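Here the chain labels run A, B, C, D, E and F in written order, and each chain numbers its own residues starting at 1.
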Amino acid sequence: MSFTRLDGRRHDELRPVTITRNWLDHAEGSVLVEFGRTRVLVAASVTVGVPRWRKDSGLGWVTAEYAMLPRATHTRSDRESVRGRIGGRTHEISRLIGRSLRAVVDYKALGENTIVLDCDVLQADGGTRTAAITGAYVALADAVANLRSRGALKGNPLKDTVAAVSVGYAGAQPLLDLAYEEDVAADTDLNVVMTGSGKFIEVQGTAEGEPFSRDELGVLLDLGELGCRQLTAKQLEALA
Amino acid sequence: MSFTRLDGRRHDELRPVTITRNWLDHAEGSVLVEFGRTRVLVAASVTVGVPRWRKDSGLGWVTAEYAMLPRATHTRSDRESVRGRIGGRTHEISRLIGRSLRAVVDYKALGENTIVLDCDVLQADGGTRTAAITGAYVALADAVANLRSRGALKGNPLKDTVAAVSVGYAGAQPLLDLAYEEDVAADTDLNVVMTGSGKFIEVQGTAEGEPFSRDELGVLLDLGELGCRQLTAKQLEALA
Amino acid sequence: MSFTRLDGRRHDELRPVTITRNWLDHAEGSVLVEFGRTRVLVAASVTVGVPRWRKDSGLGWVTAEYAMLPRATHTRSDRESVRGRIGGRTHEISRLIGRSLRAVVDYKALGENTIVLDCDVLQADGGTRTAAITGAYVALADAVANLRSRGALKGNPLKDTVAAVSVGYAGAQPLLDLAYEEDVAADTDLNVVMTGSGKFIEVQGTAEGEPFSRDELGVLLDLGELGCRQLTAKQLEALA
Amino acid sequence: MSFTRLDGRRHDELRPVTITRNWLDHAEGSVLVEFGRTRVLVAASVTVGVPRWRKDSGLGWVTAEYAMLPRATHTRSDRESVRGRIGGRTHEISRLIGRSLRAVVDYKALGENTIVLDCDVLQADGGTRTAAITGAYVALADAVANLRSRGALKGNPLKDTVAAVSVGYAGAQPLLDLAYEEDVAADTDLNVVMTGSGKFIEVQGTAEGEPFSRDELGVLLDLGELGCRQLTAKQLEALA
Amino acid sequence: MSFTRLDGRRHDELRPVTITRNWLDHAEGSVLVEFGRTRVLVAASVTVGVPRWRKDSGLGWVTAEYAMLPRATHTRSDRESVRGRIGGRTHEISRLIGRSLRAVVDYKALGENTIVLDCDVLQADGGTRTAAITGAYVALADAVANLRSRGALKGNPLKDTVAAVSVGYAGAQPLLDLAYEEDVAADTDLNVVMTGSGKFIEVQGTAEGEPFSRDELGVLLDLGELGCRQLTAKQLEALA
Amino acid sequence: MSFTRLDGRRHDELRPVTITRNWLDHAEGSVLVEFGRTRVLVAASVTVGVPRWRKDSGLGWVTAEYAMLPRATHTRSDRESVRGRIGGRTHEISRLIGRSLRAVVDYKALGENTIVLDCDVLQADGGTRTAAITGAYVALADAVANLRSRGALKGNPLKDTVAAVSVGYAGAQPLLDLAYEEDVAADTDLNVVMTGSGKFIEVQGTAEGEPFSRDELGVLLDLGELGCRQLTAKQLEALA
């Protein structure tokens, strides 16, 4: 297909991806991840011990919180701290990131340690949740390495890697890694979270406009698999 | 396959489904929907006018709110009104229900009217969100009929029907319409929202245990299509 | 007196009262109580142990929470969970229900167990608080029976029964068990909570219009006693 | 009866009552009211205009807010502003005060003006709500006089006076105007709000211990009438 | 200088200051402090024990909370408890008062006791935070004396006294102890908190209009020192 | 003096200061400002119009919000959005930043436009509020230039520049621009906000340990003037 996009990409091409490790000095793992102009700062914080409901289980815990700076977007949004409540979208994405990372964690090997992944969107241009997941895996790997270097782990708590990408249909045209304007225009939007070994952790497809057929879903899943494979390579390269 | 479930169902069998219309006296549409022991009361409330951001657009609006009574579940949960904040799960499901119904609404034909779908879970035994969506469509249809009977509509704002069902893997066994204990045990959990014409509005699959393969996803989608087709028939029967 | 009401009742006649036990599968006691079109679902939840301030006292605790579904009423109200705070009316009624039930509880016989009575108004047509109290007594009795059947109680923690009814003046006309439209029109509104043995637990009279005289108060108390006696009979019949 | 109380009062004797007008410099009406050691500061604030739901009705509005300073009581309580929510008791009393005062207001004569009565308990020793109502009437009268002196009123918006007192049973002994320790020990607690012309605005009786009989209620109402008559005299004296 | 102010004071003259001890019956220390028409009620509450983060340190704790009654000001403000959140100004002043008092406390001598200083503004006419600090010192001294009389202290936890005053520039004219109207008109506003021994605990100067020079700051500090010296004398007199 | 600090600085030496303009793509002005390891992202957002209370005045408005990412600090802090309320420190600093910038703004020249300065601390190592003010001035200048380039301004709304620095005493040693560990150890902490023309906008000095003398205050003000002068030069260089 010879469809060309606003930024000149092919329909099956990722935006330039940058993963900068150790962007912060205090956090046990930290990554500035960029998918084009989307820029997410991920900090992994390790604490000894687990939430009360998990105490004395011998098992660890991993969780995530997602948020956007007020001027990450084209026009300024009010802070959720000022409004006094967290919006539904924020909740939904925080939960998605946490679930995605937990899918590759061996809690027993982690022991009774907790890792919190704070994903703060400094600039948003579509795909903030998929960039957050992709970056969070790297920050998590660094936090795990930190624990290991302190002799706090028995085995390797990471069973696999995790990457995520968005795909969608703009009219009849399937697109990989949607930028904000493409996302707004898309009829269908699918977020795919995959392991490095090629299995699905999460598939979330929504018809924003026209409902989609089983065949169309298949095309999007193909594209998502392609994107996740490339992102996995970027992660391994960054961690090398 | 001859797998038998706790409640004696076949792996590809829905629980008994009951849709009772006009359960309430005041609401423009109301349905008590039951998927086995899961019992959701849906009330559709019509108001003339739309939210401020949509004024003078000539377009209508449909939205949903989901909640659980504190003792809907096996053990009592605190009320979200008492805690002073809505949890992430509640937010996430409210948004899913709203999106699902909006996918079949022609806003122009609805005109500047708003329909709110309140889905309150009186008893929960798995599948509360899919029961809510399935019941909400019927309540919505009644509310639309009410508007139409008052001469408030130009055309038909409902372009299609909507039904939803959960499917999942318990080990190697794919299951349709998971009850609570099955859901807890499932490795993979997929919620499928479909139109009566057989297209997808939403597909949300999550690996709670092991990540799933593309083939396994295919099997679950087959089961989901089967379930939605049967639920659509139940809806039409109830509305007849 | 031959005064006839909107729904054809005599001035001293209750609406049809229905008490359906075991409406829920999980709760230790549950009742759907109906005073005409007013419909309240009461769930009694038992937990072992008591709130911190009562620990090691050997005494139990009973409390109640009251709430309305958003479309219980003629026009939809916002959810208190969404507004992030509980309104004064909700607080006031929750406290009234709790006090009313506690008046017949022998905490020593209950032992260090807590029973929470959740009273959720599914449909409101006046008298929701009196219906809630009347139904809550039956749910409480079932929860106590449940505890007893488990051998968790030494004696009988219920010293008496409790029922409640509203009475009021519409102009010069005293009325028993006011429906919503009667309540709105009433000058004086009195809620009476009584034990089965004919004593008062709570008397709350308010002049919504004209202040009332001592004689008028007497007439209302007579009517309230009459209504409570009949409701007590209904409760015993349901529990038989 | 020759029963003597902790502070030496007869059973049917009020505590020393002081009503100090114009305790504040800015408020249109202000009163420091004292029932023994109970000390409530009431400020009446007048604003031109009424809440939105009452606009263009030609009718005024009167409302009240009750609160306690954190160290009004024997041990310090947390501030409701710090906890971020208003408790049920505060809500309940604010509503009671507002209703009580509104019962003697002619909204037409008040015109589209709003009067807010802030009742802040500086020191609590039982009877804070009845002291608040009794003081609030005087502050309201001063605020009305202020409006009248500005030529903002057509007629007299006050149809009667309002006073309130608590009565109760300590064992077999009926008591007027309960101090804190008496209130704690009382079996039955009744708040009576009356007009100067001897009619009831509100009667709220609660069995804290043993339920009470119709005869016992009669004795308490007699005492309450006696107390309100004396408080009315105090109010008129203060306003003279 | 012969500048005369609205209330006839010289530029370097305090308003009449009154410090009334034991204004409340329950609190371990309590003061009604008046700077002209500004009237603040301070209650000092002692509790045995310290916040969790300070346990088993052997050290005590002192903290403060500041608030205004809704009609302390010229026009009524909404209650922070009703709005459900504490405003920035309230937070800021509470923190200032706490810091100021803590500066003269010897935590070791206080032992594991906590003293909370509640400063509630009954009427505001400028300088509420400085009046609060000045009054809070006296209430704190009384609370400490109370602890000492109970034999709960080893030594004297008060190393010095604390007083505070506001100073400012109205145009070219420096003024001591600004009343509300002067404060509104001032270009620069400086709050000075000093010990009885003449050292600074806190200096907070803000240019509301024109930025100020080093020389102007010097003039204001001179005035502030003068005012604090006089307030210290008033405190000692009150405590004598 | 030859005192040497942890990071090798002289007592009167600033940390390395970096001001990176246009760090964001959407905001009208944006700066990443670094004082050593302290890193604050400032975004200036322009909106046409002013808050309601300022409408039709012909005057503009400038305000600021300060916040910290949860892992900006050595150990993770909970998000204020999650806790549902903004802490006192955050409120206090937001107000300080807003006041500081407003001191150099000519509202008339700004016209009815609003500029919000969001200062988000990405990493904290002491001096976050002074870095925020220093960076916010540059972001504000860029936002003003943006407005001017659109022809939206009549004159120059910036009357001067603003910079800020912290100074303090570590024992007998005065220090400029305190890093976190120095701040924790300091007896006295002074934040100085100055204009480029050498006048004070805000002076906030606090005795964390020992109260300070007038002479010691003088030494700190000298150091603060020195630091602000150097920061002003950095700002002008960045804007050149």
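Note that a residue touches a chain if its C-beta (ideal position, glycine included) is under 8 Å from a C-beta of that chain, and two chains touch if they have at least 3 such contacts.
Since this is a predicted model, take the numbers as computed values, not measurements.
Visitor: Going by C-alpha centroids, which chain is farthest from chain A? Tell me that one.
Guide: Farthest from chain A by mean C-alpha position: D.
Visitor: Among all chains, whose Cα centre is located farthest from the one for chain B?
Guide: Result for max centroid distance from chain B is chain E.
Visitor: Fit chain A to chain E on CA atoms, both being copies of the same sequence, and give the resulting rotation angle in degrees, nearest 5.
Guide: The best-fit rotation has an angle of 120 degrees.
Visitor: Please report how many Å separate the Cα centroid of chain D from that of chain E, as a whole number.
Guide: 33
Visitor: Centroid from C-alpha atoms only, then distance chain B to chain D, rounded to Å. What do you get?
Guide: The mean C-alpha positions of chain B and chain D differ by 51 Å.
Visitor: Roughly how many whole angstrom separate the Cα centroids of chain E and chain F?
Guide: About 28 Å separates the centre of chain E from that of chain F.
Visitor: At least two other chains touched by the same residue of chain F: list those residues.
Guide: 84-86 - these are the residues of chain F that touch more than one other chain.
Visitor: Mind listing the chain A positions that touch chain F in their complex?
Guide: 24-27, 30, 37, 41, 43, 45, 47, 65, 67, 69-76, 79-82, 84-86, 90, 116, 118, 120, 122-123, 125
Visitor: Can you check the complex and tell me which residues of chain B touch chain A?
Guide: Residue positions touching the partner: 85-89, 91-92, 94-95, 99, 103, 160, 190, 194-195, 197-207, 210-214, 217, 221, 225.
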